[in-house]
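After this come two complexes, each holding chain A, first together with chain B and then together with chain C.
And now, the complex of A and B:
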């Protein structure tokens, strides 16, 4: 990372170069209106493929989703004319006895995944940041965990958390509990268990991003702090944590979005159950659309979820722009 | 001709596009060109591929499909059968969306609950040709899937549930015979729990499978889709929750599909398992003697006759060949006996069902008996076709909630009725 002073100098240098170029005898010919139009046209031409792709792959599906949510669309009617039903799908969703419960589940899930993912990611980044052999081994393991497909990851955890799984085995062997704990089938624990596994799965990604941001920390600053008597906690608190703040802001938004749209671990580990104990909004949308084949209802739920994600996406975009400006 | 340098990049792109288009047209040129199979044979030595979509994934099922394909290919030179596995929960959606794009497989092997959506979406067509099938008379009406009086699928076999029991454990616990009443069942399960075993295993995962597993129990308590009332459901939920409380049934069942509970049973952990005839191959792995009996239901109770439905894809380019494939495999005596020996599927043809392979087998003969004594059509005729998926998913979800004790029996039954009643109105 470039220090603020170096960055300012560079900017000044560039501005000087520009002014020198302008003041030289070989100045660029003044642009005519035709030239400006041609320039704008070329820029538009370059932007066109990306815009077309975005329209086709991002905007059009969302428009279709919104249209679907206002119509009665089922497996039987998907390939026919759709009957317009206004906001009936939304009304049915809000009136559903499970809706509040599912929203609460979603919020709880997002909070657990985000908090544990961020704190765990930062601590893991510090652990691997030193570049020691142990740190490198830990880093390699984290990359492995990150690269594992969620279906495999979820299946492994399903076995580990089962009645005869390793976790219950250890708890019983150490006398912490005499009965197996229903991590995945007790409605008090199912959501938290899946959220913990989800947080565990996002920690490696967050750690890698945090580590990238910490690499640029000037070691002499840390050495100076150590000479001044700063302990490990203080070095983390006053040097490393502030240094990672910019990355943390962006990463928080990304982790919230990741947690909010999380589906695969729930699908593999609990299927949203028992009952709807671990059902979140994205999983509910899946059940409505692909189990009950009520695509209209699924679209309404998905659009609601999308609305929340869009809010965070806008926050993310604002932060990225702000970071770039700084 | 001299090219303007400014156009050169565009010409390059155009040349690439033209080459790509030619390559694509060359590829597609060797594909479909009308119906090459009106006689049921690959014409002029040209290879024909028949695509079959299914959701079978156990070793016995896959091996049986391959055996049937080999026999069909041997009888039809130049024809190759290509199976495509589609996960069960994606089958209907994939077929419906494929139909939207005017494509799809030659043959579909699908769950009965998807018949309405597949027929209305145009993924399958009426099976008018079945009437001219020489052996059509061998099939009972219960094996046919109708939508508004039109035939949209025929089942080559049925799957159903029975009560699997661990004979060695029963002997050890002093139980003389499998239970025939609910009181006997609960007394036997109590003995198993006292001996450190589970009483029973069944599925409690939210969704369609749990509706299928729950149907015998809630109909046994007096529930009917034709006259849906909360009281029989509350009684069923109370029964389930008391099983969980007494340790007869693990709460872990709420995460089990139909495979895991049978693995638990086959491992010797449980006295009983409510599971299907397709587990015959898996049961042979058990290190104890076992048997199957009728579920201890009241006279109101019934067992849904499941199993997959077969029909031809509406956009098949080889419809005649696809018909022949079904007639010579799923709908033939030999094919149904292959399915029987491969994974215990109970034949629907009268002649195949009367085969000695069933009557002489102690497990299969019981399942054949269950078909006669407790069998009910699936989906239930009282459920409006358009709501079959919604109703079955809802019932399954509440079965799961009851095992998880997500509410009191009365509360769950009332909540269920609030959502179920409008779905059952025609």
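And now, the complex of A and C:
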């Protein structure tokens, strides 16, 4: 769905299906065809347990989330009858002074993570693509960073960005600043710091996707271009970038969604603070529900952020569908 | 992989930058875990210090470490097993059946996998509380498995799609039912995919902390990720101890990563959002 590998797979899938269809249509006796259709029915039944589980624990909760957002649900009434209050939770959300601020935060956060994640991921893919030892070690290191629990990555950056942390230490030693910068507790910097770390965390994954799309690059073309005097920038711009374009479209959607639903790093590094200066929409839902114990308000905010994600998910799903149908 | 005469398309500088940006944090976790609390308070930027095992000694003496490691292991293994149990047959069905349901089903899986976790968290908290599963390992495992199931199905499906249908048909003609041809033909041929998704699920469920920290009401039941998240939020963090915790909890991650690096490198590119 994302990589050329998947696309190749679904193409293979398609040709298989075609051959299956034609063989049953042309030469197979009707008895076998019926048997095969029964087989297909039996195979569809393989999906039933998963469908049941998702219905109960993924779809049903979303229905409940919608119901909750129309009721007054607090810590005291969570396990009792909920009072219906119409759209009060929503109007309270839109009227609250924090809402506008949080939406701006979310937009800024998503833009920073997406731009840095895409550009950084592409450049990282180019730097590991050459398959030299230096590139392979770097790639291995980045995949390990992906594999580490986000809470570990978040806490190490909290440590590095602290008052007497490494970053401030280097900045002071080089004379760039004389006083420590409050990366995580100064409201001017907190959001940007977390966004930077989030971009750092998504770059390994994006680099892997871009790397897979660059496998089709013909090396002799690159060498010829170099002989003809094309500089590094031109080689990237005119030879490597076109190969990555198909992957880039889908990956942009994935990165936007990743950035939007980002939770772990905000939780560990700033807890949305100071104040609400690094709170994004999904994080606000968490704070409303589990810090203020106003589950109804949290549900309204969460449903709103779910709506945003669904829009992007459908764009992505359209791509999946195009791959399947052609 | 290694070819001679490779041209480097970008300046060496960017690669060096990436080495620093990804290498230094990893190095700093380990270095800090060998520092004393006093060293960290004076300057955290120093590389030269007298290494001490104090942090590890104090971390290992804390009974919570063993409890949380065990909890993490149960949750990660349980989630992985449960998720695969549901995902494998579903992925097989979606790869094999040519029905109109397939594409809407895939679209639904994409939507479900992208839902912000907080949107699942709020109603699940209520649902688990209704079922009396709050603060239980079982409740957490079920929630984690449901969270990762859409992704697991989407990741696994391509591996079943490439199993050639003629091979399976041959077995059907020989009289094998759908079950037998699945277990004896498709599953063995897709075992690389199962192994890939198995390691991805283990890594992600080992790191999951939001469900853990919310559904586990008593910190005594926290897995490692939740324990670290809780400590990172506290005031006056004991950094060496914290990093010792991080190193200990990263050991299983490292083992899975080393054993399955090649699979992860290619498997992650098969249509995935983390």
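The rule we apply is simple: the second predicted complex is superposed on the first by the 260 of 326 C-alpha atoms of A that agree within 3 Å, B and C clash if a C-alpha of one lies under 4 Å from a C-alpha of the other, contacts with A are read in each partner's own complex, and residues count from 1 in each chain.
We take it that a contact is a pair of C-beta atoms (placed from the backbone, for glycine too) under 8 Å apart; a residue touches a chain by one contact, two chains touch by 3 or more.
All of these numbers come straight from a predicted model, not from anything done at the bench.
Chemist: Which partner does A:200 contact after superposing on A: first (chain B), second (chain C), both, neither?
Modeler: Touch partner of A:200: chain C, not chain B.
Chemist: For A:97, select first, second, both or neither according to whether it touches chain B, chain C, the two together, or no partner.
Modeler: It touches chain B, and chain C stays clear.
Chemist: Regarding the shared-chain residue A:290, is it in contact with chain B (first), chain C (second), both, or neither?
Modeler: both
Chemist: Which partner chains sit in contact with A:149 here, chain B, chain C, both or neither? Use first/second/both/neither.
Modeler: Second partner only, chain C.
Chemist: Based on the superposed arrangement, let me know which partner A:229 touches: chain B (first), chain C (second), both, or neither?
Modeler: A:229: touches no partner chain.
Chemist: Check whether A:175 is in contact with chain B, with chain C, with both or with neither, and answer first, second, both or neither.
Modeler: neither
Chemist: Can A:74 be said to touch chain B (first), chain C (second), both, or neither?
Modeler: The answer is first: A:74 touches chain B but not chain C.
Chemist: Give the label of whichever partner, chain B or chain C, reaches more residues of chain A.
Modeler: Touching more residues of chain A than the other partner does is C.
Chemist: Please indicate which partner A:162 is in contact with in the superposed arrangement: first for chain B, second for chain C, both, or neither.
Modeler: both
Chemist: Is A:274 touching anything from chain B or chain C once the two structures are fitted on A? First, second, both or neither.
Modeler: In the superposition, A:274 contacts chain B only.
Chemist: Common interface residues of chain A with chain B and chain C?
Modeler: In the superposed arrangement, which is not itself an observed complex, chain A uses residues 78-79, 158, 162, 269, 271, 289-290 for both chain B and chain C.
Chemist: Which of the residues in chain B end up touching chain A in this complex?
Modeler: 89-90, 92-93, 96-97, 99-100, 114, 116-122, 204-208, 250-255, 386, 389-390, 393, 397-398, 400-401, 403-406, 415, 418-419
Chemist: Taking the touch rule as given, give the residues of chain A at its contact with chain B in the complex, in rising order.
Modeler: Where chain A meets chain B, its residues are 74-80, 97, 158, 162-163, 182, 184-187, 269-277, 287, 289-294.
Chemist: Of all residues in chain C, which touch chain A in the complex?
Modeler: So the residues of chain C in touch with chain A come to 1-3, 6-11, 14-15, 18-19, 21-26, 28-29, 32, 41-45, 85-87, 89-90, 92-99, 101-103, 105-107, 110-112, 114-127, 129-130, 142-143, 145-147, 149-150, 153-154, 158, 161-162, 164-166, 169, 172-173, 177-179, 182, 203, 206-207, 209-210, 214, 224-225, 228-229, 231-233, 239, 242-243, 246, 249-250, 253-254, 256-257, 261, 264-266, 268-274.
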